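Two complexes, one shared chain (chain A), two partners (chain B, chain C).
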Partner chain A sequence: MVKFVTDIWDTFSTVFKGMGITARYMRKKPVTQQFPEERWALPDRFRGFVHNDVPRCTSCTLCAKACPVDCIYIEMEGKGKDRRMTRFAIDYNKCIWCSLCTEPCPTNCITMSHDYDHSVYLREKLVYEFVGDPVIPFKPKKAAREEEAEA
Partner chain B sequence: MSRRALEHIASEIGADVVETSDELGDASVTVRPSALHRTLEFCRDDPRLRCDLLLDVIGVDYPDRAERFDVIYSMRSLSTGERVRVKTRVADGEPVSTASDLWNSANWAEREVYDLYGVPFSDHPDLRRILTHHEFKGHALRKDYPIEKGQMCYVPEKLLTDEEIRFGPQLYGRTMDRSDAVVEEEEISSDYLTVNLGPSHPATHGALRIEALLDGETIIHSKSEIGYLHRCFEKESEDHTWQQIIPYTDRLNYVSALTNNVGYVLAVEKMMAIEVPERCQTIRVLVAELGRIMDHLVCVGTNLVDIGALTNFWYFFNAREHLYTVVERMCGERLTTSYTRIGGLYRDLYEGFEDELRHSLGKVEEAIGEVTALVQRNRIFMDRAVGIGAISQEDAINWGWTGPCLRATGVDYDVRKASPYGGYETYDFDIPVGENGDVYDRVLCRIEEMYQSIGIVNQAMDRLKPGPIFSEDRRVTMPPKDEVYNSIEGMMNHFKLVFEGIQVPAGEGYGFSEGANGELGFFIVSDGSGNPYRIKVRPPCFPIFSSFTELVKGHMVSDAIATLGGLNIIAGELDR
Partner chain C sequence: MHETLSNLPLLSGLPAQVLVVLAMVSAGGIILGCIAVGGMFFIWSERKVAGYIQSRYGPMYVGGWHGVLQSLADGVKLLLKEDIWPEKADKPLWRMAPLLVFLGAFLSFVVLPFGPNFVGANLDIGLFYVMATSSLVVMGVISAGWGSNNKWALYGALRGAAQVISYEIPLGLALLPVVMSTGSLNLGTIIQAQAGWIHNWHLLNPLFFVSFWIYVISSLAEVNRVPFDLPETESELVSGYHTEYTGMKFAFFFLGEYADMFVVSAIGVTVFLGGWYSGIPALDVPALFPLIFILKSFFLVFVQIWLRWTLPRLRVDQLMYVCWKVFIPIALANLLLYGVIRTVLS
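Let's look at the complex of A and B:
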C-alpha cells in the first residue's frame, strides 16, 4: 500500500519536475546555426584540404610516404641538376585529413588549410594538381646562401 | 607473479607444455593442441589462477612454419589480476578443441579465428563465418591472401534455419497450446513470425542485423549477424607503419576516438618500453576521459531516444557539442581526432584550453543534472528499463563482459583501478557499480561514471605543468627541424623514421586500456620490421554483443531495442 502511494506520488512529481526543466528551456535561445548562411569561426588547427606551397617544395616524397592512404602522387624526371618535379597531386577522394603528411615535411610547405566545402560532381575533379609545367625543386641550402648574400 | 602462474600450469600439464614466457609481465604458455582444453579448464578452475574472464581468442599466421597457426587464448583473473595467455600451434586444417563449453565468450571469438584464418574448432556449436560474408572464399587474414583482393558476395545469409523456425518453440522450451488439435506442419510455423531487424535500422545504431522469431510480441529466439562495417583494420595494419595506424584507430570506436588513440599508442609504447614526459601522460589521461564522457553522453542519450525520451538526447548532444568545440580547437578535427603519436602527441594544448574546458565541463554537468532529474525516478522510464536485459554477475563474466555493462551487474572491474596504466594510479576516483545489471543500472552507471571522469579531468588540469610533450627517444620521435637541416645524423634519423617507420622490437605483447565500453586491448606481434606482423584488437562490445540472443530471450521487441541501446554497440569497433 505504501509503495502504491509512493509510486503515484513519484509519477506525478517527476512529470512536474520534467515539465519544469522543459519550461526553462523555452526561454533559452536556440543553439543551432543556419549553416550555409551562418558559419562558425574555424579553429587555427582546423584540418581542411591539404595545401602544398610548391615553390617551397623540395620534392623529397616524405609526405607521400607518410600518408596512410597513399593519396599523394609525386612524379619527377631527370637527375642531379636537371631534376624536375612534373607532378604533385593530392587525391581528395582518398584523403582522410589525418595530418600525418604535414609532420615530416622538412620545409613545412605542405599544410592543412581551412578550406572544407569543395563538393564536386565528378570524382576526377577531386584530384588536385599542384604542378603545371615542370618545376625545379626547392633547395633549402641554396636559398639560405642567397639570403645571406642579399644581407 | 606471472612466474608462479606458469609454474602452476607447468606442474599440472607436465610434458605437454612446449614453451613458457613471461614477456612484459603476462604469463604466456604454449601447449600441444591435445592438451589445450585441459589447460584452459585448469586455468579457469584452479583456485590459485581462477582466470574467469576469457578476453579474446587470437589467431596468428606463420606461413613458413609446419604448424602454421598460433591460436592464443587470452585470459584474465578478476580476483588475482593475473593475465594468462595459452597458446597452441596447429597445422593448416588441424582442428582445435573448442573452449565454448568453458566460456560463452569463446563462441564468437573462435568463430572469428575460423573465419579469418580457417582454423576449424571441433565440437563448436555454431561454426560459421562472422566478420566476412558467408559466400566469401578463402580466409582474409592469412598472409597469402592478397590485401587488394576483393570479392563480390550477393545473397544475404538466412540466420534462422528452417528447423529453428519450425521447431523453435519446442527447441527453446515452449510448448504449443494446441496439443488437442491435429495441426499440419506448415500451420505450426505460421503461428510464429520471423522479423528481420536491421542492418540499417535507426535503432541498431550501426549496421547490425538481428533476425528474431516472435510469438506475438515476445522474442522466442533470435540470431544476430555482424560484419557489415568490416573494414579489414587488422589486415590493413599489417600493410602500414606503426604511426600510420593511428588514424585508423579513430574509426574503431568513432564515438570516443580519443580513448582509442591513447589505447593504441600505450600498447605500442609498452612493447618498446618508452617513457613519455609527464605533461604528455597527463594530457593523455585528460583526453581519454574526455572521450569517455563523450561516449557516455551519446550512449545514454541514444538509449533514452530508443525508449522514447527524445529531449534528453538533445540536452546531451548540446553538452557534447561544447566538448567537441574544445576537441576541435585542440586537434583540428571533431570526430577523427588522431591526436596521439607514438612517443607523444600531435600538438600541445592550445592557449586558453583550461578555461574553455572548464566552461564546457560545467555545461556537461548541467546537462547530466537535468537528464538525471528527468529520468531517474520517472515512472515511464523505470517501467521500460528496470529488469530489462538483466544479467547475473556470473553470466556477465562468462560472456566476457567488461566496462560499464559489467559494472552495472555489481562487479567492480575497471582496468584503470585493477591494473593501472598511464598514471591512473595517481588519480582519485571511484568505480560506480550497479546491482541488477539491467538497462536502468547501465544508464545510471554511465551517468555516475561521467561525474567521475569529470573529476579526473579536473585533477589532470590542475596538474598540467609546462614541459615537453614528446619523448626524447630518437627511435620514435622525429628530431627538431634545425637538427635535420644541419646534421647528417638528424637527417638520416628523420628520413628513416618516415621511410622505414618506427622499429618495434620483435616479440609479442598485450596492451590494454579502459575504453568507453570496457577493456580495449591491442595484442601486438612484431617481427622487428617497420610494419606490425599482427595487430589484434580486443573490442569491448564484441563479447557483449555475442550475448544479445540470451539477453532478449523472452522479452518484447521494444525491450530488445532498449537493451541494445544500453549495451552501447559501436559497429565500427565490433566489426573493425
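Let's look at the complex of A and C:
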C-alpha cells in the first residue's frame, strides 16, 4: 500500500520534472542552421570545388600532370603565337579533392574554392568547362618580353 | 439555429422542415471547416513544438512565417496521392474505418459549448453523448485493423480496443462527481456552475482534484496519445491500425486524431476548468466566451503535445496495470468519498 502511494507520487514528480526539462529546451534557441540562407564560416584551407581562373592560366598542363586521377582535361591547338587553349575542363566525378593540382601551378590560378553545393541530376553535368571560345593563354611578363626579343 | 435562418429575408418563405435541414447542413459545414482548419493548425503546432523541444525549428518554409501553411501543403499532397489498398482487404470495413474515426470526433463537436448560445446542439445529456460518440472511434480503429488484413494493423487495433474500452471506465468515473455536484449532464449547466471567480472552477475544488488528474490521464489514453499510443507504436507495429492506409484515408485518421484531442481537451475545460468563464467576473462578457473557451482548450492540447515529446511510451501490461489497478480503484474511492461527503454536508 505504501509502495502504491509512493509509486503514484514518483510518477507525478518525474513526469513534471521531465516536462520541466522539455520546457527549458523549448525556450532555448534551436541549433538548426537554415542551410541555404545561413552557412558555416568555412576554414581558410577548406577544399571545395577546384576552380580555375582562366585569364591567368598559362595552359602549361602542369596541373593535369599532377592530378592523380587525371580529371583535368586541357586541349590546345596552334603553335607559338597562334597557340590557343580550346578546352579546360575538370571532371568532378573523378576529382578526389586532393589539392595536388594547385601546387605546381606557376600562376596560382587553379585553386580550391569554398563552393561545395553543386548537386546535379546528371553525371555529365559534373564535368565543368572553363573555356568557351578558344582563349590566348596568359603569358607572365618576363616570358612575354623574352618572346618579343626573339622576334 | 433554424429560427435565425427563418428571420433572413431570403429564406423567410420556406417551410420549417426545409429550414431545419438547412440549419443542420450549415452547422455541419461550419463544424467540418473548423475541424479541418483546427486540425491543420494542431498538426503544424505539434511539429513546431516537437521541433523546439528538440532544439530545431520544425517546418519553416511553406506559407512564409514559420511554415504556417505546411499542413495545407501536406493535405494537398495527401489528396493527390494514389489510393492503394491491400488486395485481400475486407473492402467495406476497410473503407468505413477512416470515416468512423472521423465521425466520432465530428459528432462530439456538435455539443461542445463554445458559448451560452454558441453550441451546435444543446443536449441535456451532452456529457453522456460525448462519451458515447467518442467510443465510435474505437469501432473505426477495430475495423481498420481487421479490414487491412495485416498482422501489425490487427495488433494495433486489438491494443486500441483494449485500451480505449478500459480507459473509458476511469474517464466516466472521474466525471461522475462533477455530474453529481451539478446535477446535470448538460455541458452548459456544468459550466454555469463554475461562474464567478476562479476558485469556483471545479479544478480548484479539493473534492474534484483527483477526478481532474484521472480525467486528464485517461483522456490521453482515450485519444491514443503518448505515453499511451500503443495502438500506433512505430517501433513495433510499423504504424499500428492505419499501417495500410494512404492518401486521403490516412489524412482522415490523422485529422480525426487531432480533432479528438481537441474534443477531450474541450470536455476537460468544460467540466473542470470553468468552460467559457475566464475566472475573473469582469472579463466575462458574452463576446469573449468562445475565445476564452478555445484558448483554454488549446492550452490543454498544447499540454498533450508537450507530454508527447517528453515521455516514453508505456508497455502494454503497464498500461493495463495503470488502468485497472490504479485508476479504477482510485476513481471508485473518489466517487464514494464524494458521495459520502456530499450526504454528510447536506
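Observations on the structure shown:
Criterion: the second predicted complex is superposed on the first by the 103 of 151 C-alpha atoms of A that agree within 3 Å, B and C clash if a C-alpha of one lies under 4 Å from a C-alpha of the other, contacts with A are read in each partner's own complex, and residues count from 1 in each chain.
Throughout what follows, contacts are C-beta pairs under 8 Å (C-beta built on N, C-alpha and C of every residue); 3 or more make two chains touch, one makes a residue touch a chain.
Keep in mind the model is a prediction, meaning the values are calculated, not measured.
When the two complexes are overlaid on their common chain A, residue A:23 makes contact with chain C while staying clear of chain B. By the touch criterion stated above, A:31 is placed in contact with chain B and with chain C alike. In the superposition on chain A, contact of A:55 is made with neither chain B nor chain C.
Contacts of A:78 after superposition on the shared chain: neither chain B nor chain C is touched. Once the two complexes are overlaid on the shared chain, A:106 sits against chain B while remaining clear of chain C. With both structures placed on the common chain, the touch criterion links A:98 to chain B but leaves chain C unconnected. Ranking chain B and chain C by residues of chain A touched puts B first. Residues common to the contacts of chain A with chain B and with chain C across the two structures: 15, 18, 21-22, 31.
Chain C contributes residues 49, 51-57, 60, 213, 306-307, 309-311, 326 to its touches with chain A in the complex.
Only residues 4, 8, 12, 15, 18-19, 21-23, 25-26, 28, 30-32, 34 of chain A touch chain C when the two sit together in their complex. On the side of chain B, the complex with chain A involves touching residues 240, 243-248, 311, 318, 321, 328-333, 336, 338, 346-347, 350, 370, 373-374, 377-379, 478, 481, 484-485, 494-495, 497-499.
Within the complex formed with chain B, the chain A residues making contact are 7, 10-11, 13-15, 17-18, 21-22, 31, 43-47, 62, 65-68, 96-100, 103-104, 106, 108, 112, 140.
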